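Same chain, two partners: subunit A is paired with subunit B first, then with subunit C.
Here is the complex of A and B:
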C-alpha cells in the first residue's frame, strides 16, 4: 500500500500525450498502452515529483466534486496500480 | 477503461493527428530492386533547425508517434540530433532502417540518445542468396542477422518487415522461422508498390498467385498454432482498428508523412501534395488544407467503395494512395487489390486455404 504522503513520478520509459481530457500513455519497457479517462489523466498530470497523493486527492475532490475521503481512496488505489505496472514510481514523501 | 483501439478510432473519426512519419533522406546504403523511393527527387532538404521547429510543433499538437524513415534514416547527417530532440520532446519513436550500417557503437548511441520504442528492420529472404539478391549488396543478409542481435543485446525492441515478392515467396515459412530464431516479430506485406515517380518496374517482382496462396495458408496455420499467445505488436498499430470507424484508413485523419524537402502527404503511400513546411506550418496544413479535407472525404467514400467491391476483411488490402497512383482515382479498385482479396478469401470456410490477415506475429 502506498502512503498518502507519497510523491510519485512517471517512470523514465513512459511516454504520454494529452488529447482533450484523455491521456494516452505508453510504457516503452512493457510495450503497453493505456488510455486514461479525464480523472485518471488529471491525477497522472499531477505526478510532478513534488506533490503528494493527498494533495492530488484534494485537487481531485475539488475539480470533480467528490468527497475528500473518496478521492483519497481512489487516488491511492490508482497510484498503487500504476506503481505495480511500472508506469509510475515513488519518488519520496512530502514530509 | 477505454482501449487503445477505441482511441485510434477516435483519432480517425475526429481528425486527431497522432502519428507522423518523417522521411529524413532518400540516401541508402542498399539498392533494393523494388524500392519505392523516388531517388531522383530534388529539393533543399530540411535543416536541423527546421526539424527542431517541426518537432516542437508536433509535440504541441500532442502527436505521440514519430516514425523516422528514409531511404535509410541513419544516413541523414543529423540523424542523432533529430532523434535526440524527438526523445527530449517525449515522442514514441519508431525507426525504420535496413540495419546495414549499425555497429556496436551506433547501437549503443541509439539506445542512449534516442531510446526508440522499436526499430523496424527490413528482411528480404531467409537466405543470403535471396536477401542479397534483392538488396543488391553482398553480405547484407549477414549484417542484418548480426545487427538484430546487437540491437536485442542492447535492449532495443526489434521488429522485422518483409515484402512478399516473386523472389522470396518460396521461402516464406523459412523467413518466419528466421524471425522466430532471432526472437523478433515479423510483418509481411503482400503488396509491391510502384516507385513514387510512377515507375512500375517494381511490380514485375510482385508475388505469384501460388506464392500468395502459400503465404495465406501458412499464415492461417501459424495463427491457429499460436492462438492465445501474447501479441508482440502494439494493438491497432497496423491496419483497421477493431472498432467501428467511418473511414477506410487513417491517412490524413490521424497521420501524415513529410518528405526530406518538407512536402507533406496523407501517408507514405499516398503522395498527394498537401503543402510544404516552408510555406505553411504543419499545424496550419492540418487545420486548414483544402487538399487534406478532400483526402478525409475520400477515405470516407473509400470505406463504402471497398465494402461494396471487396469482401471483408480483404478490404485491408485496398489503399486509396495506391489506387490513385495506379488508376488516377483513389476510389478505383485496382487489379492488385482485387487479386489479393480473391486469393485471401479463396479458402473461406476451408481453414487449410488461408485467411485475409496481412500481419504475422
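Here is the complex of A and C:
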C-alpha cells in the first residue's frame, strides 16, 4: 500500500502524450502501450516528483467534483497499480 | 551451436474500452504486452556475435565493391553504395518493382561494408522465428542479426551502414530487408509519417489499414480481399504519411505470409484505420482518437522501442489519425470481403 504522503514520478523508460483529454503512455521496458482516461491522465500529469498523492487527490476532487475521500482512495489505488506495472515509482515522501 | 536468439518484439494486444466514468483503478487500458526489444541481451549484439564488444563502428571496414543501386518506395529514394556486383543483382532482383531512377538524389544512403563470417555465432533456426537485436541512442540506432550489423545515423539527414558477411547469397537479403525496415521507419517519421505493422486493402480508391497482433487476421482479411478482387498493398507493413491530399498509405516491399503481390506502389488516400478482432459476426465498434493512437503505437516497430523518438512517434500518429474513420472491426475468418468493404464504405 502506498501512503497518501508518497510522491511519485514516472519511470525513466515511460513516454507519454496527451491526446484530447486522454493520455497514451508507452512503457518501453515492459513493451506496453496504455491509454489512460481523462481522470487518470490528470493524475499522471501531476506526477512531478514533488506533489504528494494527497495533494493530487485534492486537485482531482476539485476538478472532477468527487468527494475528497473517494478521490484519495482512487488516486492511491491507481498509483499503486502504476507502481506495480513499473510505470511509476515512489520518488519520496512529502513530509 | 552455443545458443539461440530469443524471439522478441512489440505486439498489439487487446484493449478495454474506456469511458470517462470509470474508477481510476480501472482506468488503465493495456493495449499491448510483449518483452521489449532491448532487454534480453546483457551486452548488445551478444545474441549473434562472438565478440559484441567489437561491433563495427561508423567507419573502418572495406566496401564490398563499387556498385550502387537506388530503390524507390515510401520516403525514398534509398541508395546502396559499396556493393559487390552480386549483391547489387540480388537487391535488384528482390526489389524489381521499386527500381529508382539513376541520378536522383537519395533521401538515405546506405554504405555496405564487409564483416567476417566468423564474427557471427551459428544457430540451428529450424522451427524458430528469428528477431534481430535493436538498440537506440539519441544520435543513432543499430541492429544485429544472423549475418549483419547495421547502424543508422539519425540527424537532420539519415545515413546508414550495413556490415554483411555475405556477397549476395543466402541470407544476404535478410540483412538488407531488416536494414531497410529500420531505415524506412525513421525516414517516414522524419516526414511526419509512420511504418505500421498492418494489412492494407484498397476499396474504392482508398486504402484501409487493419491493425492487430499476430493471429487476429491481418493476412486472412488480406487474402479474402485479394480473392474478392480488391487490391492488397501489404499484409505485413505499410507506410502512412501526410501529404497535401491528406494522409496517404503506400505499399512497402515487406509482405508477410501473403507474399509480394504485383500491386501498385503508388500512394492511396487513407480511408480508415481499424483494429481487427475475431468475432462470429461482422461489426464495427467505435474507438476514440487516443485509443487508436495507442493501437498504432503498438504496431510501429523500432520507434516504439526507441525512447528518444517515441514522443515524435506519438505526435505523428496523433496527427495522422486525428480525422480519419477508425474503429474495431469484428470479423469472422470466413466473412467475404465484399461485406467488409460495404461496411467500411458506409462508415465514410
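We adopt the following convention: the second predicted complex is superposed on the first by the 95 of 95 C-alpha atoms of A that agree within 3 Å, B and C clash if a C-alpha of one lies under 4 Å from a C-alpha of the other, contacts with A are read in each partner's own complex, and residues count from 1 in each chain.
In the analysis below, a contact is a pair of C-beta atoms (placed from the backbone, for glycine too) under 8 Å apart; a residue touches a chain by one contact, two chains touch by 3 or more.
Remember, predicted model here, so these are calculated numbers, not experimental data.
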item	value
Superposed partners subunit B and subunit C on subunit A - clash or fit	clash
Touched partner set for A:15, first subunit B, second subunit C, both or neither	both
Partner chain in contact with A:66 - subunit B first, subunit C second, else both or neither	neither
Touched partner set for A:43, first subunit B, second subunit C, both or neither	second
Which of subunit B and subunit C A:75 touches, first, second, both or neither	second
Subunit B versus subunit C as contact partner of A:31, first or second or both or neither	both
Which of subunit B and subunit C A:54 touches, first, second, both or neither	neither
Per-residue contact with subunit A, leading partner among subunit C and subunit B	C
First, second, both or neither for A:83, with subunit B first and subunit C second	neither
Touching both subunit B and subunit C, residues of subunit A	13, 15-17, 19, 22, 24, 26, 28, 31, 33-37
Contact footprint of subunit A on subunit C as seen in their complex	10, 12, 15, 18-20, 22-25, 27-37, 39, 288-291, 293-295, 297-298, 304-305, 307, 310-311, 314-315, 318
Residue ranges of subunit A touching subunit C (in the complex, touch as defined)	13, 15-17, 19-24, 26, 28-40, 43, 74-75, 77-78, 81-82, 85
Residues of subunit B defined as touching subunit A within the complex	1-4, 6-7, 10-11, 16, 18, 62-64, 90-92, 115, 117, 157, 234-235
Partner subunit B, residues of subunit A touching it in the complex	13, 15-19, 22, 24, 26, 28, 31, 33-37
